């Protein structure tokens, strides 16, 4: 069960409105790595944690609940960045080039649809989708997803920080960036715990003898004109998981034949073999 | 530029058709972590690598090109799992319970739309989307996305392996699972290289003094009835990035006020303040 | 800011697992009128409420926060309905017709993707989308959206209640259905308050003389072969808003001409007028 | 069966072109509450009306058919707002700030994809989706959806009216706004008819004793720092449906336990309980 | 403007209900090539036809209007195929294998969401999307899209015809299949008219000397292990457009260099060149 | 299996950056008819070709593989058009009207999400979707889809060519436009081959006597106010397929009744017939 406190955890007040920045900030709300994604991702992961892993469950629900508050801070920020945007007589106003480029560039749905409020969408207006979130029931896999989400999210917050001049907006972004730093450390730590306990190749519970281990350490060279990939530390030496030695394969052997698929039943009305085609 | 060789890199021949398994295998083609996702993700990342990072570029293009061949193997497998599926007189056939449950359970688009061939879609029929792929221009962030993708992908391949009895299908999955193992090792190695070179918090080029470092190490307890999250190794001690000490904050202080947003211009026809509401 | 309490507000325990029912219950989580929709809808509406309407803001945040807990109850229920589902050797198991129809009919992503946990998706597997939610900044409009959402949601919960035999599932649905009853009453009451204060035609702040009031009360008969629509109470008498008299127009007059659009610039390479077409 | 008359029902002629306004007007065509939504919503609802409710069926088909003509008027308007837009040499033209902001702000697909014609999409370019429409088979529920759609739709038309200066565009919007007024009155009237006949809680045919009536009248306070929601008319007194008395619950009791989910079968390769995790 | 006649143009009465067939028939309503697609495609194309091409405009609006009636026939058919489907006690009913496979295989949204009526979605439940339709303003291009749509649509109708036993369903499909035959002939005829008038390469109004005509007739061999493509009539001889001679290029020359992209500004926090990476 | 060569097949170098053009060029990458669509469409079609049609399979894989290289050229072009775009201090920079309109008009995800690289999306930011591609197993149908795709694609490339001034961009577009010319010729040739072999109505293997041939040649006039469609060559004379004579039907007869659907079981809680509605 959830409770809400009307205080914002951190302040969300720009010094002055800026509808173009409001459009960009939407990426942090409803983008692939916005706060809707991490909030829902951590909550769904947490709800799926099973008996015996209570500390991971509590952690996921703590952070997921924190992220709900971040959506709130960002939605408040967007509402304020849009404050006072005058939608009247846009045709006339657009004659002033600066005003014109603001009116041309702002997200029209901020005016037409949401009444100068935040939208559950990204910076180009794509609605947030449930398919952004990742929750597999395997915590090591999912913590890697979380580390990625916090890394991508921090890059995006930092890029918007660089775009911004408004001290109030920058202050709030400085908070979000710091939390993204913390969350990167957090998931790295949780990953290290799980890797130490169960090994590094996800899922660790699959019997490795069932996979084709003879090809599990080979970097196949699919390039016709360059082999720079052979220069990395992944081309020879022991793997990070410690389960074998990297190998570089310059020329890839074939195991498979050229596939010839049987023709489907006539009831499908696919194309017949060329020799049977006749009017 | 790309070249194609009609040989499959590895064989893709089930012992016998199974339209229900064909539906499940679609997850590995067009699901969020299917081969369309990793192929396109690595290629877009590779095309975006800039001067001076040629070895990463070559690596991404090598693996992305390999994954194109995996889509091909899986599409061939799906075509063969659907071989001979008779779509005629389904109403009559459905009287036999086993046949009935196969006809009821198979993906109807495999018959109606693609003529017993693979679809660019997942196991419930959602079309593959460009929003699945991740490419930020920051390689450490993106390699974390790749490690996650290979982790999620291997879990899914392993689960389908467990569902399967067909030796031919299992042989092909054993190949894909091995390659997912390799790719996990590969991205872990590349991540380790980059973390050693630039540090662990992504992006590493942002001046940390601009973020709110006072809150960059705090685990906020958002739980009213439990504190199991304080038991993890993330609640105290040095962070993995070595940039500070973890701290557990049992009771979260507020910095923000209760937000009061200004009313928007009348031209938006939002609800007026309660005191001004009158017919 | 949000807080979480690990207790479920109400119990979510089926007597026994049922993967087909788990698939259906997903509609109440991630469907167009599932709990993800109402939670996010009420929160976004609440965050957008402006100065002077604090009681509506508090109400929206109360109910939105309650609905977050409903997602949690449903996700827990789905996890338990999927408990023990054995995915091993589905090809062999499918020979038993009852087991076969369960395996054929369950959502394959419950096994392959989420590891027997809930998904942020509906009963056919479509991911939840931000475009489901409605938040316009006009509270009377939005409360009508909310009344609709609770009406549609209660119908869906009731239909699943009728499908179910499991007493534990029925108990939880009895809770959700009761809350949907309450929420219908709630939004009806709030709508009545606002309609009394500002009038019934949304938005009420638009100067009616600017609209074409001469056609604002006419039911146009667009039917060639029937006029049953003239029999309703909407065909004559005073309107609910009290702003005029309903009127039935059997034969619709034209005001517009047949449109003839100018040809676009040649640089667009649209089709030329027929007389100018030549190779 | 449908018939078409090439006359527009009402005129759709702007005084002069305006590609930025064309982009905004798209919201009224292919937005969540655009004319594609209401046309398809009313037609699908109408096609689903069963025996004995012919007057509702005729009404839905009348209005749905009318809305098809509104798409036509809007598509014609967009075509004319785009008339003469010169796409040649945009790089050069963009040096003029006013022209530049028009070229920067217009929907690029209006030029590249549709050849200066309307698109089945909203004002930011999202394609219209079948998931926007609502049709449940329960007319009271669906008429509430319709009242909401006409309320949201009128708000959006009004906002665009405020943005516009062009008298021809305003004339057409004045028509649409008037029809939205009428349709709000219409659905309110139809709702009143059905509520009088069957009661106000949807669906009315469900045996209320099966729901948890003890919690069907309680407003739960999910707020930690404010109780303004207790000030509304929904916190005490008889409900609008007349089925009970509202009640305000300041401190919410728990009925549910902290959920502990059983671990899934090993074949899923979820994370094991912490005590069993070992390499 | 549109008018509706409540008569169906053709009958839509199955002999008996069949919820599994109802699910499949959805492909013809809301699939990529269902009737929603062709109706909207022809109407949007028609509304965009400009002065001087009235006969094409009238044709598009005639056929688009006809297709609206096909959605109606199919929606009626789906409603009847779902008639009497008893959703009560599905858990108990599923014990009967035949009933069980029907309940497992039917579209759950037909019961839960639409109350046994058609949905604006395809046979796996994906909602119809505006991005399915094609309308470019160039009639020759668009008539090719139309010919494709009628070809794909007829294949799908034929495949469902083969699946069906119900004489009433087959009668209605025989109508749709005949109309798809007609529409293929129709668009072929219109294409022939336009190709005769303006030439075959779309768009015909582009000055061919601006394209790289030296590579406009070459079939590049991108295959490493086979050259069967050289055996087709497209490898030598005059082209269908009569604008040149086909040419087969066994080994593709490169014109481009290996791309080296400049590093972006630091403010983006992309990965630095390897030599500059340091903690 | 695929191989990659790091050389671009053709050069992709603009003379100078232009972030607005970068946004437009995205249509050619991830739009409905962008290179992602044709690449994936031809590959999926090719993988589905069955025994006996090797020359069509090789052709599809040749062209699909070529198109992969076109995505690469366009992604490289977009990366270069975005080179040097300075995202710093956008609020300040926007004061300069020309810079302001560039910053307002560029795709914000090019800066925030992809770090000045291409996105798998179209010119308004919609992600590419698997539902764009067409692959039915019937080659004549699919080659018509391909001819359409190349026609639409060439129109779009030509329109962007007209918008561009940059000689480097125009050079690359001249290549793509030439290839689209070739591919139109190619698919026309392959279509002619197949039509000669099997006939023109797709699918040709369906027994025509099962369709309603009496209505397979009739153009129904669905227009109330005009009959221009009767003036085309499709209104009389022999059809292109040579299977009958076109016929114009001015007044459409009805075969169907007004549909009256049975009421569904009570368990669905649809609206009851009007006479049974009571509280």
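Labels for the chains are A, B, C, D, E and F, by order of writing; each one numbers its residues from 1.
Basically, a contact is a pair of C-beta atoms (placed from the backbone, for glycine too) under 8 Å apart; a residue touches a chain by one contact, two chains touch by 3 or more.
Owing to the predicted nature of the structure, the values given are computational and were not obtained by experimental measurement.
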{"item": "Any chain in contact with subunit B as well as subunit D", "value": "A, C, E, F"}
{"item": "Pair sharing more residue contacts (C-beta pairs) when E-F is set against B-E", "value": "E-F"}
{"item": "Reference subunit E; chain at largest CA-centroid distance", "value": "A"}
{"item": "Far-end chain from subunit D, centres as C-alpha averages", "value": "B"}
{"item": "For subunit B paired with subunit C, centre-to-centre distance based on mean C-alpha positions, whole Å", "value": "28"}
{"item": "Centroid distance [mean C-alpha coordinates] between subunit E and subunit A, Å", "value": "31"}
{"item": "Multi-chain contact residues (two or more partners), subunit D", "value": "1-9, 32, 47-48, 55-56, 58, 61-62, 65-66, 76, 79, 87-88, 97, 100-101, 104-105, 111, 113, 115-116, 121, 124-127, 129, 131, 136-138, 140, 155-156, 158-159, 162-163, 203, 206, 222-226, 252, 254, 256, 258-259, 261-262, 264, 267-270"}
{"item": "Of subunit A, residues touching subunit E in the complex", "value": "155, 158-159, 162-163, 225-226, 258, 267-269"}
{"item": "Subunit B contact footprint on subunit E (complex, rising order)", "value": "18, 20-21, 23-24, 27, 31-32, 97-98, 100-102, 104-106, 122-126, 155-156, 159-160, 162-166, 222-226, 252, 254, 256, 260-264, 266, 268-279"}
{"item": "Partner subunit A, residues of subunit C touching it in the complex", "value": "1-9, 30, 36, 40, 43-44, 47-48, 58, 61-62, 64-66, 68-69, 71-72, 75-76, 79, 113-121, 127-131, 133, 135-138"}
{"item": "Contact set on subunit D toward subunit F in their complex", "value": "1-7, 47-53, 55-56, 87-92, 94-95, 97, 100-101, 103-105, 107-109, 111-113, 115, 121, 124-127, 136-140, 194, 197-199, 203-206"}
{"item": "Residue numbers on subunit D that touch subunit C, as the complex places them", "value": "3, 5-12, 32, 54-59, 61-63, 65-66, 73, 76, 79-80, 82-88, 111, 115-116, 126, 129, 131-132, 134, 136, 138, 140-141, 144-145, 147-148, 151-152, 154-156, 158, 161, 170, 174-175, 177-179, 181-182, 184-186, 188-190, 192-193, 200-203, 206, 208, 210-224, 226-229, 231-234, 239-241, 243-244, 246, 252, 254-259, 261-262, 264-265, 267-270"}
